[in-house]
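Following are the structures in question.
Two complexes come next, and they have one chain in common, subunit A, joined by subunit B in the first and subunit C in the second.
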Partner chain A sequence: MTLTVTEKPNATPVAKRSSSKGLGWFFWACTFWVLAVIILAIIAPLLPIDNPNKTFVCQPFSGPSGSHLLGCDDLGRDILSRIIFGSRVSMFVGIVSIGIGLIIGGFLGLISGYNNKKLDTVMNTIANIIISFPTLILLLAIVAVFNHSLIVITLSISFISIPLLFRVIRSATISVANKEFVQAARTMGSSRIRIVFVEILPNITPIIVVYGCLGIGSAIIAEGTLAFLGLSVSLPTPSWGNMIAEGAQSFLRRDFLLTLWPSIMIIMTVVCFNFISQRLEGKFNSGDGAI
Partner chain B sequence: MKLILKKLLIFLITAIVASIFGFLFEHLIPGNPAVAILGPQATPHNVQVLTAKLGLNRPLPQQYFTWLKNMFTGHMGQAYSNGIPVKTLIAQNYAETIELILGSQIIAFILAIPIAFRAALKPNKLFDRVTTLMSFSFYSFPPFVIGPILILIFAVKLGLLPASGYVGISQSITQNLKDMVLPMITLALGSFALYSQILRTELVSILKQDFVLLAKSKGIGKYKIIVRHGFRLSSLSVATISGLQIGTLITGAFVVEYIFQLPGLGTLIVNSINNKDYLVIQAVSVLVVIAVAVINTAVDISYAYLDPRIRK
Partner chain C sequence: MEPTTDSISVENLSVSFKTDRGLLKAVDSVSFSLRKGSILGIVGESGSGKTVLSRTLIRLLPETNLKIEGSIDLFGIKVTSLKQRQLRHLYGSLASIIFQDPLTALNPVMKIKKQIAETLKVASNHNGSNIKKSVIDLLDRVGIPDPKSKSESYPHQLSGGQRQRVMIASAIANSPKLLIADEPTTALDVTIQLQILKLLKELQKQNDMTLIMVTHDLGVVEYICDYVAVMYAGKIVEFGRTEDILSRPLMPYTRALIDSTPSIHRDKSEKLMPIESMIPDPFNLPKGCRFAPRCRHSQTRCLIESPRPTQDAINTSHSYSCFYPLKNEWAVSKANETIATSDE
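Let's look at the complex of A and B:
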């Protein structure tokens, strides 16, 4: 588990080939899935489902049925309801932490990429040093010093994402900064701030979107790992990671469905975010005008 | 030469930053370490005595250098929870983690090399597409999802391998391997996905080059070409990637140990966080960060040494 914003396998030839023919049905299916999960997470309290923490709403370990679509866990809690409420943790951590990471990392990246060399060298060295620390070790150390509340976990994941997103946006800024239209703006006497935010920023938005999606997938896995280790939001609040851990403990006794459902959710959501990112990258790379 | 010096400088800075963070870690924790060691019933006098004994009332820079000296000489203190020296705890647990990582890498390469060869011979054909899709999915699956699924299939349903438990390699090699196979596979799948894709991409581009055409025109078989020319060139980049991946691997191993309840550094650090055993967390974290930095630097330098294009 890591925030592998920069270390992903190269775009597959499959994606490159079909990028000229639109985004493909799988892209739209993924987008639909991600939006559905986000919307369900937001409106979870309004849905006609049981309280996720209420025990014995049904027979423990009873399988899927009409009133409990995904069945019940070891304490007789409704699994569907726990999955939906669990998505709130994953989605909150994923989107908010990467949002903060993009705002801070992106701002620093833009400044560093379009500025004097000394500042750039210093900031890049700092980023490289932070990146050289293994992600989970940093997360564990932060969690050990503070606590494992939702806010601490979100902020610590955003802290780790900052240098990674900084590097991506910095290099994108450098490549745009050397293009003709930026030089034209410079010769026309535009201010530095105007060049960075009006000329460069709109042109690196595709990169921000691509790496933002990839980052959200990684952040969801990071939170899931902590939750699996029992170091995310405390029980009984459901999160996909702690549901997998709880389910894994009851394997030998009864029911593998307990661990299967949250695993499917986490895999589908992360694969969808990665796929959306990869497909958009292919699209932006093949289109003209993009970087 | 300049590059090597630059890498060494970066390593030095990283090590210093890591040690400062590691040192400050103890001071960031809410409360006085002396109270943590003595427990809630400590009298103020005892706390004062221990504070002075631990040197906690001296200026920070002085404390830092004492701490650094202690780290180097292995005086890392004792675990609060059971009084065992931190050094002993690490010595008891590191072997399993290293075995897990090495084993997973062997499995990853054994799987990745033939699959990448087969895929690279006919790029974009069915086999290539299926394995690419497979790698892409494995790469997205975190170990804490793969682990329970493997336990379910191989331990619970088929009953072939144990779901947890660990016998030291010195006691029984066969039992040890039996215990370690599932954890190793869990850790290997991510690396396998990465290596097979990199190897495939490298091989495809190498097979397009002129010297391969020349070899072909000489009548050398394609398998021989791929082994003689392709592998030699592409193995370098895969070796580099595997070295640079060491941070991800170590932390991945930590999670895998927790899944399979193996007595390694990962289980040690997670238990220490739950017990608030800060000295153990501190020692393991600093050790891992330094180990990762050493390996990354070594890989960078040896890569530069092996590939003269970079050395210039």
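Let's look at the complex of A and C:
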């Protein structure tokens, strides 16, 4: 008895690794910028720069010069030093708040996305309720109820990011959970916990990275907004946001450089985070889901 | 969950989806039973309910908006009355499934060795080095060349045939008593198809596994199956031993399937006969026999009344749902031919 096959072969060709189209020089420039800012923020106290809070190290409002590269502010403080120390606030708030948001929102999203209808409906409804509040008002309310220390600001931004990240990761989980290999894992007897953390989680890491970067950018903006309203870390501790506030509110006519430098920092850093996120997303989407 | 009997039996099983357009009955009052260690083929055109039936046997379909009626008994375990959280114990050493497309059925970001190790861990009593060795052994058993280095690959680095072998290795890792294969060769190259079927047959023999083979290809059935269930629009319209069904089909639909399969229909003088028109819309099924509107032998009764499964008078293992079963020359001559060939 021989077998003659009657079906036309429709074999899927061996999936090629998406030949790396390259991420482009701008991606690497952005990565370099972000890493440089992070490293400088970490090692700021070790750098040979003036104390950011020390006044009259130079002539107030003196422009950029050899010894003070970005010039001096109204109290004769070194702007470069304040920018570098100010990045510590922005980076801390951005990275830590989104880190917490990803851990909590991600965990809940995974559980909710791969679970029974009831739990999922409840969690999703709660997330939608929180999201429906205007972000800035919610942020102001939290800061008003507590105080505006670095920790409270970080936690309140992470609180706002949780439902957003929850939603993203939940829907990613649902789409992976419907894939056949998850069913296959079930039929081999894997427990639910193993399926979520061993089968599904590695498949949504690209999404976590993409939305993590995007989130950090937004968190930096959120901190800047609070600072502009005088609700971030108290002066004289520098942050990009309160430097902009100080410069723009009192001295914009007199010396716009006081506002320009921190604005450039925020814009460049946020644009870089967004661009990194966007390029990575494109890269992940062009591949077969694998990193 | 310990098996207590030696057979699978399905009684009056119906599976319906609650959809926007209403209730879609994908499987309708299906009954059959099967002895341990045999191979059953489920054949039928695309959309006839093969996948739904085979997945329901192990309760694999997502059960929101799903209604399962009737009973399924796998080796003494009443599958239909299991709670959702008990299902996990059904899988692994009792039942397991191989999917049509191994590329989607393997985790794209997990190395082969990890995928198989994950399965082995479920059955426990394995420690680290033990698992490593079992993984290599399994890959070797399913015919992966150089299993040690291949186990370090990701699914996309393997060929289609190798991926399906990995899928099979994973499915048999905990020696299931029932293995369901849903069109396991459809996504593969012609030359690879036969190898995979051979492998399944071999493994089935070695483990004394029960194998349910879902396919739309009667060639596959002829090659590997002991029994065949022919499905049409959610119903099993004919059931019996493979030789009986292929040589003496009683239901015109089965005959039409055979006539449209070149490998079975060997008489080259006759033209291949594709089945005309389409399977009926599941929301708008014919009132009587569901095949009647396409059947060349249908009569008024077929359009009004629905035939019930009937046992063949000569051969009681053969059942069919038809008011006017075929008793034509073709069937008789075909039967003689089979006898003649088996004499050689």
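Everything below uses one rule, namely that the second predicted complex is superposed on the first by the 264 of 291 C-alpha atoms of A that agree within 3 Å, B and C clash if a C-alpha of one lies under 4 Å from a C-alpha of the other, contacts with A are read in each partner's own complex, and residues count from 1 in each chain.
Rule of thumb we're sticking to: a residue touches a chain if its C-beta (ideal position, glycine included) is under 8 Å from a C-beta of that chain, and two chains touch if they have at least 3 such contacts.
Treat the numbers as computed from the prediction; the structure is a model and nothing was measured.
Look at A:M188: by the touch rule set out above, it reaches subunit C but stays clear of subunit B.
Contacts of A:V198 after superposition: subunit C is touched, whereas subunit B is not reached. When the two structures are aligned on the shared chain, A:F256 is found in touch with subunit B, with no touch to subunit C.
Contact with subunit C, but none with subunit B, is seen for A:K179 once the two complexes are overlaid on the shared chain.
By the document's definition of touching, neither partner reaches A:I98: not subunit B, not subunit C. Of the two partner chains placed by the overlay, only subunit B lies in contact with A:L229; subunit C stays clear of it. In the superposition on chain A, the residues of subunit A touched by subunit B in one structure and by subunit C in the other are 1-2, 4, 7, 9-10, 12, 14, 17. Residue ranges on subunit C touching subunit A, taken from their complex, read 58, 60, 64, 84, 88-89, 91-93, 95-97, 99, 101, 103-110, 118-119, 122-123, 154, 156-160, 167, 170-171, 173-174, 186-190, 192-194, 197, 216-220, 222-223, 261-263.
Contact residues on subunit A toward subunit C in their complex (touch as defined above): 1-7, 9-12, 14-17, 116-117, 179-181, 183-191, 194, 198-199, 202-203, 205, 288-291.
Within the complex formed with subunit B, the residues of subunit A that make contact are 1-2, 4, 7-10, 12-14, 17, 125, 128-129, 132-137, 140-141, 143-145, 217, 221, 224-225, 228-231, 241, 244-245, 247-248, 251-252, 256, 259, 263, 266-267, 270-271, 274. The part of subunit B that touches subunit A in the complex is made up of residues 10, 13-14, 17-18, 21, 25, 28-29, 123-124, 128-129, 132-133, 135-137, 139-145, 147-149, 151-152, 156, 163, 193-194, 197-198, 201, 245, 247-248, 250-252, 254-255, 258-259, 269-270, 272-274, 276, 278, 281, 285, 288-289, 292-293, 296.
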